[in-house]
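Working notes, structure below.
First chain written, first letter: the chains are A, B, C and D, and each begins at residue 1.
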Amino acid sequence: MQRVGIIGGTGYTGEELLRVLARHENVELSFASEIEPGQKLKDIFPYLPRFRELALCSTEEAVEQEVDLVFLCLPAGESAKISRLFVDRKVKVIDLGADFRFDDLAEYRHWYDMDHPQPQLLHESTYGLPEWNRDVIKTSQIVGNPGCYPTSVLLAVLPFLRAGIVADSQIIVDAKSGVSGAGKTPSPITHYVESNESLMPYKVGRVHRHVGEMEQELSKQADRPIHVLFTPHLVPMSRGILSSIYFRVKMEIAKSDLLNILNDVYNKEPFVHVLKNGLPATKLAVHSNLCFLGIATIPETDYIVVFSAIDNLGKGASWQAVQNMNVMLDFPETIGLLS
Amino acid sequence: MQRVGIIGGTGYTGEELLRVLARHENVELSFASEIEPGQKLKDIFPYLPRFRELALCSTEEAVEQEVDLVFLCLPAGESAKISRLFVDRKVKVIDLGADFRFDDLAEYRHWYDMDHPQPQLLHESTYGLPEWNRDVIKTSQIVGNPGCYPTSVLLAVLPFLRAGIVADSQIIVDAKSGVSGAGKTPSPITHYVESNESLMPYKVGRVHRHVGEMEQELSKQADRPIHVLFTPHLVPMSRGILSSIYFRVKMEIAKSDLLNILNDVYNKEPFVHVLKNGLPATKLAVHSNLCFLGIATIPETDYIVVFSAIDNLGKGASWQAVQNMNVMLDFPETIGLLS
Amino acid sequence: MQRVGIIGGTGYTGEELLRVLARHENVELSFASEIEPGQKLKDIFPYLPRFRELALCSTEEAVEQEVDLVFLCLPAGESAKISRLFVDRKVKVIDLGADFRFDDLAEYRHWYDMDHPQPQLLHESTYGLPEWNRDVIKTSQIVGNPGCYPTSVLLAVLPFLRAGIVADSQIIVDAKSGVSGAGKTPSPITHYVESNESLMPYKVGRVHRHVGEMEQELSKQADRPIHVLFTPHLVPMSRGILSSIYFRVKMEIAKSDLLNILNDVYNKEPFVHVLKNGLPATKLAVHSNLCFLGIATIPETDYIVVFSAIDNLGKGASWQAVQNMNVMLDFPETIGLLS
Amino acid sequence: MQRVGIIGGTGYTGEELLRVLARHENVELSFASEIEPGQKLKDIFPYLPRFRELALCSTEEAVEQEVDLVFLCLPAGESAKISRLFVDRKVKVIDLGADFRFDDLAEYRHWYDMDHPQPQLLHESTYGLPEWNRDVIKTSQIVGNPGCYPTSVLLAVLPFLRAGIVADSQIIVDAKSGVSGAGKTPSPITHYVESNESLMPYKVGRVHRHVGEMEQELSKQADRPIHVLFTPHLVPMSRGILSSIYFRVKMEIAKSDLLNILNDVYNKEPFVHVLKNGLPATKLAVHSNLCFLGIATIPETDYIVVFSAIDNLGKGASWQAVQNMNVMLDFPETIGLLS
């Protein structure tokens, strides 16, 4: 039994972490912190089967606790600062925010419009996509848990870049997300009456902060610059992301060969399912750590379309964070994550 | 062509008024005011077919305009104050808020927790339920447009009180409302992710402010005190109210006789439909000024259930306000209201 | 590790059983049968973490399998027939349908319009509401898993009948259900466009088949006939039931005393939560075996309102079935049911 | 007052036609036919303000009626056959199906997998997109009302093809539709529980029947073959289409110049709104004949994205059909269509 804590425990990613950890037999929750401490977890999340009597503590109290690993659910900039305190005490850190997703300080500055508060910590941190770098995650002090959109896109595109069949340096990603991706703070756009029965694009082009993260990982794999033409849409559902991804391939290639490229990578992966027939719907992936991939070729063109469905709070955030924890704490990787 | 104005034009009732008035051939919109004036209506509501170039004005500018009638979409207390300015200039007033719904100052104080700012104006005002008092509305200077829940309940229950068959002095109203009933201001409860895929009761008992208004009108019709045991629920849909209303009747009475009681009242009414077969779904009433009524008897008991479906922004607010306008300005009552 | 099977594995209750059992460490699934056998479970439910390679079998094949317990997800009448085959082989049976919910054959005939096919089996069967009769369930050969509406109502009302404070013999239940309660077969009413953005009552009065089941259990507890005035509504959400229950109490009684009555019964129950403050929303209960109860008194009346929220597929069906299984197979009662 | 009729009056496009025509002051409805005739319109659509007492007739009765214009809401193949009967009697025809959308018989055969039943009628028919060919529509005997997806795409892309700035011969259309686009017949995919809270692609590539129609009109305008890489998605909402359209332009071009290209075409159009700021959400367009267009450029690439939002039953079907009727019967084009 190892001890974990959560900083920022009452947003959607914090709440989902609590749900998943409450079913995880190998960990005990030592603390969950919040700006307004005091309430017991059962008063806020009365459905929790464990941790019910634990009271939310302040960040100051949190950093004093003895734990093996801490999850950070904080805005950009704040995670890095507080990470220092945990790392100095040899506590492992999983940041569900953006502070440890970038290799390059200039990129971080470009996308988050601030200087990284703890640049030296980047040397101890790893981008936490276990299917692609679990070996490094295993020994990392800090893991930057990937963003929701990037998770869906990287799992879908990396295999084709690795196979060397992508003709374009521009990849079109038309992504659709449920509203929980916009967070828990009420706003005019996420007001029920405004989001319901409507669909809209936002932050189109190469504007959304997740573009930097996607381009970094795709370019590394491709060993050349990849541009992501990224169009996120807000969809009237609570959870789920579907990314519809368009790119050209270098040669005519059968659907079965494309499926093989995916299967070669994900065949043994417990959380990535490649659909042989049919295309993924987000309902397959919600409330789970699963990613579903599907492919369509387009006759008389050299384009293919790859579809990727995840739960933005599942594989796209908190469930993947627990997967990273399992890797870092040397648990069986699927423990607590059977959906 | 008569001239009208709207004070408070950008909340949901204001927006719906604009939609309806834009299709109304007999009126011109002279102004719409808002706390933050300046924007043109087409910039906020780009779908409007008329009034597009009109800029939102301040309340100060609004009260200077020459109009025949003004709609007030304001919080309790504020309508009464500003009404004085219009009434003094012989402008007719339709208040979509609560300031002119009460006959009794003590009741107003009880439910709205303030003294009525213009008590003398109550003598010039009428409760605006046209099916029940259009003759008085026609000559009123001020009309208090009924609340959404009260509209659904009164249309359903008044006929039975008038017929003298209601045994109880306690009527149970289990009401369900779409989320637009909670207004346009974002809040944790009406955040998409919180309202979606969930149903919850709120302000149960005799707590909701609409109770006072319902009890006033029901008691007047019954000529004895009627208590409304009122349970509103928030339903994951944008619009629509269904009230399921339970009371006992004095004698065994066939469903056909109950339907006759409703038909006697509403036979010639263009906006109230009594369903001979089946029960009303809210989808029949949304985006319209319609109210659908249905009845069920309960074998081996003396209870009946009356169901009433309206659009909370339609017959429950802005469309009914335009119906009142039609009556007050001596237009054909259905003009502009064919849904 | 015990072996279980499912007859009728691809409807919503069957699917939900598969989801729950796949996370249950103490059981192995020996079979799942369907009218059209052949497909592997992973082809229909690709998200399942276990049982993926198991192929759907025919009922004929199913009854030959060696199992310890079988779940039946079948229409009324069919469960009873097939139960005989399992019972004769000492296999325990949990019927998610209606065949083993009635003590009285005439009641069964009245509500299901047929003669019970295996009346003698009623002597070996128990109504499976574990919070109220787990001792009998433990030793039963057959358990009739309660209906979704009855589960929500019984958990809310039985404590007050036991406490002897219910004044009425008529209880009003205004219940609201998500659409999965109507099953998986497409129909005009459950077509997305018809159910979405609408709310409607159906089978009002004492018409719905669940009335018989509720009245049986309530009357037994009250030791006098209790009539349930039952109004189910269809709500635009996939899952969840909220029952708003109205009855009069014999004396003036404080809310705290009412809460005590509930707490006396459910204090130690892992799956029933009594809300001290606030009222239950269905979102608290979905995807779980939980029931949330809340209470409102109504000033100046002798009515109280009890609210009960469950997941119709959770505590209202498949999760409760697994709870019954845990009791019958002598597992810890919460195993596999931490939501 | 002119007389119109509807063949196939009870599907979603027929129902929406009835709603719109009931508000149209210049027409009287002579008949609405259905496979199962007999019911009065008020029994099926109790909210209709007009035509309430009209009984559904058989097709045989319908073709005998004296009308000026008939709307056909029929499957492919059937419209063409019945059109012959009306055309021979000089009745104008608006087909909401696919039989009169193709110039080329081979294309029709390819996409609809049958020989056109009345090829000679194609000489008298016009593709009914009024913004682009209202002069021809005005004198046509038959109008093929465009499909929902094609309407959204053509209004967005034709201006850029006309301006000659499109570099590609392949245009990527990532389209998202509400569920009413799938029609009124219940099916597993459109069952509420399946569609709700999920998003999925279907008929990806160049498979969907609307591809042929889009490519025909785009290629004509471009005067070279244009391929549409078309990916429709089903979105959990009742109405609305958003098409997100990607193509490369020949030169670097400012957003303001792109907007000018749209405004040059649509400046005076009452039903097409070009958004100067922001991007269209489908909620702007539902329950109307409006199309909203918006543009995004993508820095460091030569791609632009055009967004087009309509109501699939509005501008995408029945409202556009009434717009065509207005043109054909020489009414003011906006009459009855102010939303």
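Rule of thumb we're sticking to: contacts are C-beta pairs under 8 Å (C-beta built on N, C-alpha and C of every residue); 3 or more make two chains touch, one makes a residue touch a chain.
Since this is a predicted model, take the numbers as computed values, not measurements.
*Asks:* Greatest Cα-centroid separation from subunit C: which chain?
*Replies:* Relative to subunit C, the chain whose C-alpha centre sits farthest away is D.
*Asks:* If you fit subunit A onto subunit C using the CA atoms, what's the rotation angle, as a multiple of 5 degrees?
*Replies:* 180
*Asks:* How many Å are there between the centre of subunit A and the centre of subunit C, using C-alpha atoms for each centre?
*Replies:* 36
*Asks:* Roughly how far is subunit A from subunit B, going centre to centre by Cα mean, in whole Å?
*Replies:* Inter-chain centre distance comes to 46 Å.
*Asks:* Taking each chain's centre as the mean of its CA atoms, how far is subunit B from subunit C in angstrom?
*Replies:* 39
*Asks:* Please output the residue numbers of subunit A that touch at least 2 other chains, ranges allowed.
*Replies:* Those would be 194, 196-197, 236-238.
*Asks:* Enumerate the contact residues on subunit C facing subunit A in the complex.
*Replies:* Residues 19, 22-23, 46-47, 49-50, 197, 270, 273, 275, 284-285, 287-288, 290, 292, 334, 338-339 of subunit C touch subunit A in their complex.
*Asks:* Under the definition above, what is the set of subunit D residues touching subunit C in their complex?
*Replies:* 12, 179-180, 184, 186-188, 190-197, 236-238
*Asks:* In the complex of these two chains, what residues of subunit A are touching subunit D?
*Replies:* Contact set of subunit A toward subunit D: 170, 172, 174, 176, 178, 194, 196-202, 204-206, 227, 229, 231, 233, 235-240, 242, 244, 246, 279-283, 286, 294, 296-301, 303, 305, 307.
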